[in-house]
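Just below is one structure, and these are the notes that go with it.
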């Protein structure tokens, strides 16, 4: 077992990104993720990678487009308003089938909102806030350890499917410190093969073109159907979730990221009081872990969705469970973080009658 | 100057004399007014007094010298200075 | 006894949350005075930026709006064009105006939009904790240039007045500083001109103001004000870069 | 076992460092730990506080709402945090700088002349170390030795004199009880 | 009855916007809606309104923010990539509770895509492509007549609820010509009352502040809950849909805008062949006409969702019908327009077995 | 017999879809020649804009990418920084570069990013059907300024070279034209310098080229080329606005 | 009754105007109508075409895939559109400019010397009016008088000579059959 | 000039003489090459020939005069001109 280090979540992301062999970062400061570009500027300098503080988030996402189209692992990070500005760029990158990594350390919204942790960009992440038919692979870590580990996973999935990947964190995950184990050998970027689409000069091969448009009649439609098939495949094969205490549960909490952490304490409290409560934690928000929920929907009566927003995941839970179950919601929008106690009380109200 | 005023115009001393007032609770003790701003150098940060926000507020060492130029006021970011005449 | 200097009625009673010695406060006071002196407080609409002075919407005693980071000039345009009688001013930092808001300021200037822009150049991203700004000086340290700004990799500082002077549009462009009373008085005059131009329907005015950020410069307030005089002013020369009023004479 | 701690005071009093050192030490003792600094709406200066959780189980929320332990370094924080302490909780406060006294009677209150002791040792700013020393002695969530190790991890770039001084402050704190 | 005029859809929008009393337009050219700014530039000049060709869509949405915050009816129009760029701005406007009108004449996506008609920005429009918890009232016209009429409705709803409103059209609606009846008296903008939030100079009143942020603990959460209540209200009260031949239907097509037009021809073909087919046309996409669908879900066995995308509305239909019915989909992404024949064939496959 | 002039190998065989007499084609031919002459075709990556020349990705016989409208300089930066050995050129129109892409071009120039920008100034939005561009001349008609650009309402044209010359960053800024052979030859030289600077790692070069858009100017090709000489060139003076290579000598 | 029409030719042959005039006329006769111009990937020049639907019912799709009527003004359009015409459909083509001849035998083919007639009237570019005249005569979806009215709506800014010339071309076209 | 070449160097006429070739199907008949570009004024738009795209292509009236300067080529946007020597 590798040594552990006590790290800020935002620093853990940086180490994870570097360990994943990424040597290109472009980004624009925004709270609560400033520690990412700040620490990245130092670390990229150390490892000989590229760090660019851009003039805006729009420039950042487009620099990423360039670097990734040139065949390199490339990432940016921002927080909610900055991610909104990237939507056109993300749509292009998805439309050009190029893998990139975008980290969103969500804060309270809408608008300027505040700088407290939130999960209110779930819709944007899972439904593609940009234009056109596309999805982005979306991972929701819930610890500094996962913040370290998910960048590699995200790049691998992104490259496997030639699709942008998102990591959704929040201000709380980014700004807390937790022990992190550097759990795998860092990827040496020079050992990564050159992707088939990489723009690198056409010496010794046919020229390559990266683009998202096609004006020839019917062509763009073909692309979209091909991408549709890819999405269907990802939705079937890449669902990830973590279940705890679900086997005998009467009520299963569905929560990701920070809300999942908090919910786990609530579930513990409930178990102590004799309530049969489990926790299902979606790790991929897109593809949504439908199968796990579908299975549970046959055994469990109640679901309680806990989110730091107004209930954006509720629809996905309903769809996954085919509207069979009673689905409750406990949410804290605008930067509120639920307490285990609150959630426990909600559980009590739901199950109190029934037990 | 002082005398001139009080004698010639029949005004009371304070009415001619500029009065500098530091709003101590507004002052953040930045010291900008105390550097080389005041032409007669009568502003310092109170060395051992602390206001409610934990700052050493500015204080006027010798108001009588004040010319009323307003420089201290002009450079005060809060502004935590008022000048009367 | 009469108050001859004191908090102007153009500021609200809300105490400012800026750090001790921050230049924003000095500029706020000047604007607060001008709103009253020029008799425009009751028809003014101010635009707060995203930056330390996001709270300007609480400080100026007039109608205020707080738009997205960098978009003050666009929002100003929307207000001014739909209410030409309002006096519209956009207050912006160097991240806001010279980084993310580059396109908006250039085009507002190029349109000679009849607005007043107050541009606080403190050579740093204050609010987010001291990252490099487009105006950060070569060699100057910031949290994203810990070894000092490296012009080879991080490029050159942008001199906003010089840049905008490359446009035919703007009516008035001037750079001042608030690091000492003499320069503060010049800033007062420049801002008065800038509002005056709008009142006279002359068009676009921008006052760039060198301003202290002791916190993120890692200096005391007094060191900061001296640093402007000793170092920053050399890189950003003060003076008028465009004054059509004079040219027209 | 889970201990939830809040440390609060002025910016510059080493609030964040104290929290991180506790976190490090917890980690070194193979516990689950989290540290979470809190940012107010204020720009700079003003008060600072942080949450530390040290537990044998995975930590759920790093934000502490009802602490088991409070370390209070300045006056304004006393009023703000006292009501949040759990009944039966322990309340450490920096008596040198704080004139008032906690009012609750369902808690253990420990008044420590942290700044006085620190000045005695020659450096006001190690008052936080004195407090940490007192903490480990009074509760035994962590060992003094681990704290010593932890502060060395935290201040990797500090001089060896400084590090020994910190050790001394920790010791002095732990000798108070 | 007022005289009819043969008009381009894009021109009908312009006349509708002016008839609604709007005198502020800011926008940036993009196909297939260039006729809107072009014609608007002429018309605004005639009526003494403001026309600004902006430097970008970002400038446009923010000029709108300013003009609308100043209490004026203000609108912009664009097409998909341009609308993506507006997401941050729309989130701010929603967060500041300011009414504006945004018209999206959708084109094939993602990315640069093409300039053919599409409906693939449904997710973006109905789930808020920007960050934070917010929704935009979204209208889907299906004729030049509605393009003329909906701007007024949109402004009225937007102002009633202090919320941005969207009109989703597509390149086909925008670029075809159809007779338009100027069906109501134009609103005289000078008769519109000054809204309570309007920034106009504080003479004779307290100063006003328009903003979307609040850093005081808990405040932003409060705002969000207030907005939540508003959204619930809108979702209950403002659903709009048009049903045709649904009473005895075995299968109901659910389609909006251009797909609804095409579907109506398919439904006619199906009826001629003896199939009992109806058409439900959502007019508000958000709020989604749940009630109408919920009612139908008890009578109808099959639903066929027809869209010019990969099936973005399908989830809403499932949710509205509580997953009770068999829901089929026929879609044409990337700028494809379905033909009545195609849809008819789909109907035949579905009902062929059953009848 | 040898071909002394003909389609260069730096262009693909795809026939161009530009209108008759469009200036884009002339510039394409020059770039196509330089890619070969300078021996950089096999390490070049070109960036097509959004505009009439969006199809440049089909025309240049090298690796190409087509990014969002206006973002060529950002995409170029991403490529150049991750593959410093590639020769990266961004081909952009005046809507692309001087309207929506204003921030990106200014900051790439300010960073002295080692790329080559080819800027086609035809004073109009070509692709979308002739709307006013930032470079549309005062009084010039377009589909959004049917009575001619009104500088009071629609602002002044942006002179990109003059504007960028207000920055310390850029290495080479020049304005040329392709309306007659003499100027085409100057354009060839300027573009050669611009690529040469990149090869020599000198930094940012931008060549602004006045170019005919007969279709949206409502002129014949021949009228268009004359209009550049008679009118457009007066407003946009040709010449070097920055040449550090000369300054350094 | 629903008639779906496609008009195709070079840019500059008045394709769009023809379509709009048909649409206007349909509207004037209180029919439901749509007009839809088609944009190719080409920039300028090249071919243009448009769809017109005239119907007693609300028009579903304004894009015509299988026209009842084709008006073909140039050579390339003939090859492209001929296969799309419905069996039994009517094929008008501009014989002056088109050398080949439609191959299908399940349609009615009408070859019209549109340009020749137009030149005869003194203006080549009113060939489209000749075609429209022929169309109304041969099919009777619309009245000649309505077309005359419609062209006046379309060309509000035209001189009265031009308008009469247009009328004449319409008439000449309608006299062909 | 012509004679010189063929006599003095023993080369065949075409080998010295520049040959201008218009790729008629590529030409868009823009006429740029026909305006005041050619120093010897030998390019015109074919008045009554139309290519597959409907354009009147450029044509060379008197190739013998061609100097091979390449101006016509340089201004041709397509390029639809080739010059041989």
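Letters A, B, C, D, E, F, G and H name the chains as they come in the text, with residue numbers starting at 1 for each one.
As a convention for this text, a residue touches a chain if its C-beta (ideal position, glycine included) is under 8 Å from a C-beta of that chain, and two chains touch if they have at least 3 such contacts.
Protein names from UniProt, one per chain: A, E = 2-ketoisovalerate ferredoxin oxidoreductase; C, F = Thiamine pyrophosphate enzyme TPP-binding domain-containing protein; D, G = 2-oxoacid:ferredoxin oxidoreductase subunit gamma.
Since we're looking at a predicted model, the values are computed, not measured.
Shared contact partners of chain B and chain F comprise C.
Between A-C and B-C, more contacting C-beta pairs join the chains of B-C. A centroid comparison over C-alpha atoms places H as the chain most distant from chain A. In whole angstrom, the spacing between the mean C-alpha positions of chain B and chain D is 41.
The geometric centre of chain A is 34 Å away from that of chain D, both derived from CA atoms. Rounded to whole angstrom units, the spacing between the C-alpha centres of chain C and chain F is 34.
Of all residues in chain B, those that touch two or more other chains are 28. Multi-chain contact residues, meaning those touching two or more other chains, occur in chain G at positions 41, 45. Residues of chain A in contact with two or more other chains: 55-56, 58, 81, 88, 92, 96, 111-112, 115, 211-213, 215. For chain E in complex with chain G, the residues that touch the partner chain are 4, 6, 32, 115, 172, 175-179, 258, 261-266, 268, 337, 339-341.
On the side of chain B, the complex with chain C involves touching residues 14-15, 18-19, 26, 28-32, 34-37, 55, 68-71, 73-79, 81-85. Chain A contributes residues 23-24, 26, 50, 52, 54-56, 58-60, 62-70, 72, 74, 88-89, 92, 96, 199-204, 207-213 to its touches with chain F in the complex. Those residues of chain F lying in contact with chain A across their complex are 12, 41-45, 48, 54, 57-58, 61-68, 71, 74-83, 85-87, 103-104, 106-107.
By the touch criterion given at the top, residues 20, 23-24, 27, 32-37, 39, 57-63, 65, 153 of chain D touch chain A in their complex.
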